[in-house]
Amino acid sequence: MSEKTWSVYLSGEIHSDWREQIAQGIEAAGLPIRLNAPVTVHADSDDCGPTIFGPQGDTFWHDHSSAKLNSIRTGTLLAEADVVVVRFGEKYKQWNAAFDAGFAAALGKPIIVLHPPEHDHALKEVDAAAKAVARDPAQVVQALAYVTRGELPR
Amino acid sequence: MSEKTWSVYLSGEIHSDWREQIAQGIEAAGLPIRLNAPVTVHADSDDCGPTIFGPQGDTFWHDHSSAKLNSIRTGTLLAEADVVVVRFGEKYKQWNAAFDAGFAAALGKPIIVLHPPEHDHALKEVDAAAKAVARDPAQVVQALAYVTRGELPR
Amino acid sequence: MSEKTWSVYLSGEIHSDWREQIAQGIEAAGLPIRLNAPVTVHADSDDCGPTIFGPQGDTFWHDHSSAKLNSIRTGTLLAEADVVVVRFGEKYKQWNAAFDAGFAAALGKPIIVLHPPEHDHALKEVDAAAKAVARDPAQVVQALAYVTRGELPR
Amino acid sequence: MSEKTWSVYLSGEIHSDWREQIAQGIEAAGLPIRLNAPVTVHADSDDCGPTIFGPQGDTFWHDHSSAKLNSIRTGTLLAEADVVVVRFGEKYKQWNAAFDAGFAAALGKPIIVLHPPEHDHALKEVDAAAKAVARDPAQVVQALAYVTRGELPR
Amino acid sequence: MSEKTWSVYLSGEIHSDWREQIAQGIEAAGLPIRLNAPVTVHADSDDCGPTIFGPQGDTFWHDHSSAKLNSIRTGTLLAEADVVVVRFGEKYKQWNAAFDAGFAAALGKPIIVLHPPEHDHALKEVDAAAKAVARDPAQVVQALAYVTRGELPR
Amino acid sequence: MSEKTWSVYLSGEIHSDWREQIAQGIEAAGLPIRLNAPVTVHADSDDCGPTIFGPQGDTFWHDHSSAKLNSIRTGTLLAEADVVVVRFGEKYKQWNAAFDAGFAAALGKPIIVLHPPEHDHALKEVDAAAKAVARDPAQVVQALAYVTRGELPR
Amino acid sequence: MSEKTWSVYLSGEIHSDWREQIAQGIEAAGLPIRLNAPVTVHADSDDCGPTIFGPQGDTFWHDHSSAKLNSIRTGTLLAEADVVVVRFGEKYKQWNAAFDAGFAAALGKPIIVLHPPEHDHALKEVDAAAKAVARDPAQVVQALAYVTRGELPR
Amino acid sequence: MSEKTWSVYLSGEIHSDWREQIAQGIEAAGLPIRLNAPVTVHADSDDCGPTIFGPQGDTFWHDHSSAKLNSIRTGTLLAEADVVVVRFGEKYKQWNAAFDAGFAAALGKPIIVLHPPEHDHALKEVDAAAKAVARDPAQVVQALAYVTRGELPR
């Protein structure tokens, strides 16, 4: 039977290499998956609006214009994803990750959440809207291998 | 006139070779159809969650974590199908097959149900939501040949 | 703060008094809930089509015409429900209950499944699409009291 | 011209009296608004699942069963709201608030975010999806007075 | 259990008293149903556009302006109906009836078609999209009594 | 047959008394219609954002914060309207009127445009998406009388 | 600028060669269009159900089973069309053509109706839901050339 | 990670070369973008209806038939766009541009508005529905480079 290419959106934390680990795992397994992600260069993501459109006044509108520009990318890629992976790291508020999870849930997207056990209680609403909770990127790759190919680790 | 490739999802019973019969019939007729299906290895389907994410406690949550992981695949493939074929075999509860039929019906997918006459009364609600009720895989292939190419058995 | 009237659809098994138990529990607690249900007179549900529109030929079309007429009621009430409760009893195939669960799931309705533990494995896909699995009607009433009023059993 | 009753959902922080302040402001102004909210008794919200359905195994599934039960209420009331107000307090992760904001955004609901300036940068994605950012409950009441009645503070 | 008021739209033929028969049957049975219909005064339906907005040029645009004005009413009432009844009489083209049936079908509305057996073959596509085919208004009333109240003729 | 209350949204020009004329015509005719409109006090509509939330920096963000706050009202009332009337006066750009018309069109709302013939060519795209083009408020009232009650001027 | 391939569905009359004329016109003009159509072999369209699934009882259910099988093809191809052309010939009831037009209208598809002037009055509701009314296949080709390429006959 | 081709629709003003500037900028940067636009030959856009379908009576219906034919193209391309750019020039009413912006907003499309500062106040509702406001085509190209590739001007 011929094969679908799955679109997977990797949302959330941008301070560790979890996206690269997933990308390498997918490549190593040869899975039929196209990965998408937000812009992960922190400074660019913060300043893209004023960099392109000029100064926007105070910091609130500076942030606002960048966040809106970023949302063209994130909203579009998230809306066309087959699966959304949302990663919460150890640090920072990461409200944009939770926002993306809520956005994905309302669109009916299957969600895999990736976070350490210490966040279990604080993330219970997000986890309750998800199909699975993974603890490390390797589990995400295994889950995607199973979902797309029916392959389980032996 | 150029030709559409149809996506057909084969839901339901996993203990006989009906999917293979349909696949062979479609290949023999050269129909423009891409087939999709759930993971049909029974043990994998039962244990995929704990196999990947670790033990989940009692059997209820063991089942739960596997069922959710499976639903990433089944929900996605079903939602993008042009036609959904749902097979009910002679044995077992097969509630997941009826669940898939209801899911497909609510999405407005055309459904072909495949089951023996002995189930007619018990399946009347499912059949009422379907476009056709077939008795064997060959009829499904013929129906798909007609739907996609206008070809009837002569 | 003023109060919403919740619409709850009671789908599934028609051979025990579980709907009456829930109705009595809701009335006793004074919950702001409107209950709806399919026609639960078994013979009427089986024969309504031919009774109104005349004989429809063989048993398949007899069943078919009744099932379609019933689906006007069930599909409409289910689609406007805030919460869908689906009951699986000890006996029979009950494929229409699983069909309703799938239909409700695709519409994004919150589902509470009501069934004995012996069906846990066979119903794992249905349970995985649900918000809760209850074991008796009293738990359903408690859940609805919590959902609509925030009231927990003390 | 006759008047619509607006439904406003108050999501987020449950440790201060901001909901009461808004309720009092709305009552004082006689605005045509029906307020809704999640269950705000912290312990009940944490334990509702096991309290009703019995122990669920480890803490993860304990949380999970409660979060799912809560989501019947929150998802339903949020989906029927005309306006969603999301409050972020000074403390805690509050990922459920950001999740609700994302959920509301994907449903196209107009959002008013309520938070202190210190969260501006961390909440820029949420604020970018909102119609307004308020700093205190009185501003929310004023905004609702304007939206529903065209009344501005003089 | 409290009761829903059903909205039923009566589309199609305007030269016999079938709508009145259904209205009388519903009133006699005390059914919880609100009936809606297009404007059934033939001349008004033909000329409403130019009567209000002035002459529109040739007969094509005369018809066009009236048909568009009528569609505000028919499209709105049809879209909010719970059940759509479409009547085909013995005479005339009645393409607007078939158009309404298609419109209702695409919206997922349950349809009851009312027509004499002589039209069975020509209406097979419409009937295939319907929940029931009735032969006289009394059957429609009986079907609505069953759908709304579970009452069958005894 | 019982009667629906229609919701009609009056969008566009705020410098003449056309809304009052329509309101009076509807009241005089006793039509079952609830009218809604944006805030029509020009200064309030321009300054509502900063008036409530404080100064927003330069004029662009001043306008922006007001326009977003207004859109909570206009977007909500427009989305729940049965019919949208859009008025273009003789003067000003009135881009918000055309924006509302496009918004209504994408939602499938029936639109009645009200404008003088001198705008016919410039408004041809808007008129092409509308059900009718009226030249004065009295025609709008007549159209609404016909749509809601089937009444034509005699 | 790169080019979209447009999907055009040709619905309606099956007794003349209008589809071939359009296909030839499109090929001659080299337009980026993929045409789709129902099965146009009249006998096959009438008998496909019983031919594949066996005798279905009386003529009503014979027709019914064929119409449902045909609707898998027609409903799918119509729903994915960018433009729907509906042809009404001089003869026959052609209710399926009007049904398709209504179905397409409810899905928001742009419709081009093709019919002789003698049907103008009877088709006014269908024409009012259409983007254009053509009198011969050559006009349809010209319209499609303009829509897809901006080419007008010179 | 493999790359998505983005579809960008360029709506609005047709009297300057802004579309060509954007096209050249995209080509120069090698961005993965497919541009679409309305027919920009003014005379063709005005006369396409009567040119193909023959004279339509007075100027209103002349305009009407052309506007409807144009809307097949514009509505289809706009609805499948990932991003919609709407340009307002210095002159003319440009109500079709604002109509397109409203249409895009209701569909949830991310919008970039392109206009000089002199229109800021008159366009505040349109800008409030947009993700960004650009002042020249080069900024649009930079925004698209960032959205599609994460590239910022250095």
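Which chain is which? They are A, B, C, D, E, F, G and H, in the order written, and residues in each are numbered from 1.
The rule is short, and it goes like this: a residue touches a chain if its C-beta (ideal position, glycine included) is under 8 Å from a C-beta of that chain, and two chains touch if they have at least 3 such contacts.
Just so it is clear, the structure is predicted and the values come from calculations on it, not from any experiment.
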Original post:
Which chains lie in contact with each of chain A and chain D?
Top reply: B, F
Subject >> Comparison of E-H and B-G (more C-beta pairs in contact) >> reply: B-G
Subject >> Most distant chain from chain H by Cα centroid >> reply: C
Subject >> Greatest separation from chain F - chain, by CA centre >> reply: B
**OP:** Could you tell me the distance, in whole angstrom, between the mean C-alpha positions of chain C and chain F?
**Re:** 43
Subject >> Distance from chain H to chain G - Cα centre to Cα centre, in angstrom >> reply: 30
Subject >> Distance between the centres, which are taken as Cα means, of chain C and chain A, whole angstrom >> reply: 37
Original post:
Where in chain A do residues touch two or more other chains at once?
Top reply: 68, 71, 133
**OP:** So, with touch as defined above, which chain pairs make the list?
**Re:** A-B, A-D, A-F, A-H, B-C, B-D, B-G, C-D, C-E, C-G, D-F, E-F, E-G, E-H, F-H, G-H
**OP:** Show which residues of chain D lie in contact with chain B when the two form their complex.
**Re:** 56-58, 61
Original post:
In the complex formed with chain G, which residues of chain H make contact?
Top reply: 23, 34-37, 39-41, 44, 47-49, 51-54, 65, 68-69, 71-73, 75-77, 80
**OP:** Can you check the complex and tell me which residues of chain A touch chain D?
**Re:** 59-60, 63-64, 66-68, 70-71, 88, 92-107, 117, 119-129, 133
Original post:
In the complex of these two chains, what residues of chain F are touching chain E?
Top reply: 1-2, 4, 6, 82-83, 110, 112, 131-135, 139, 142-143, 146-148, 150, 152-153
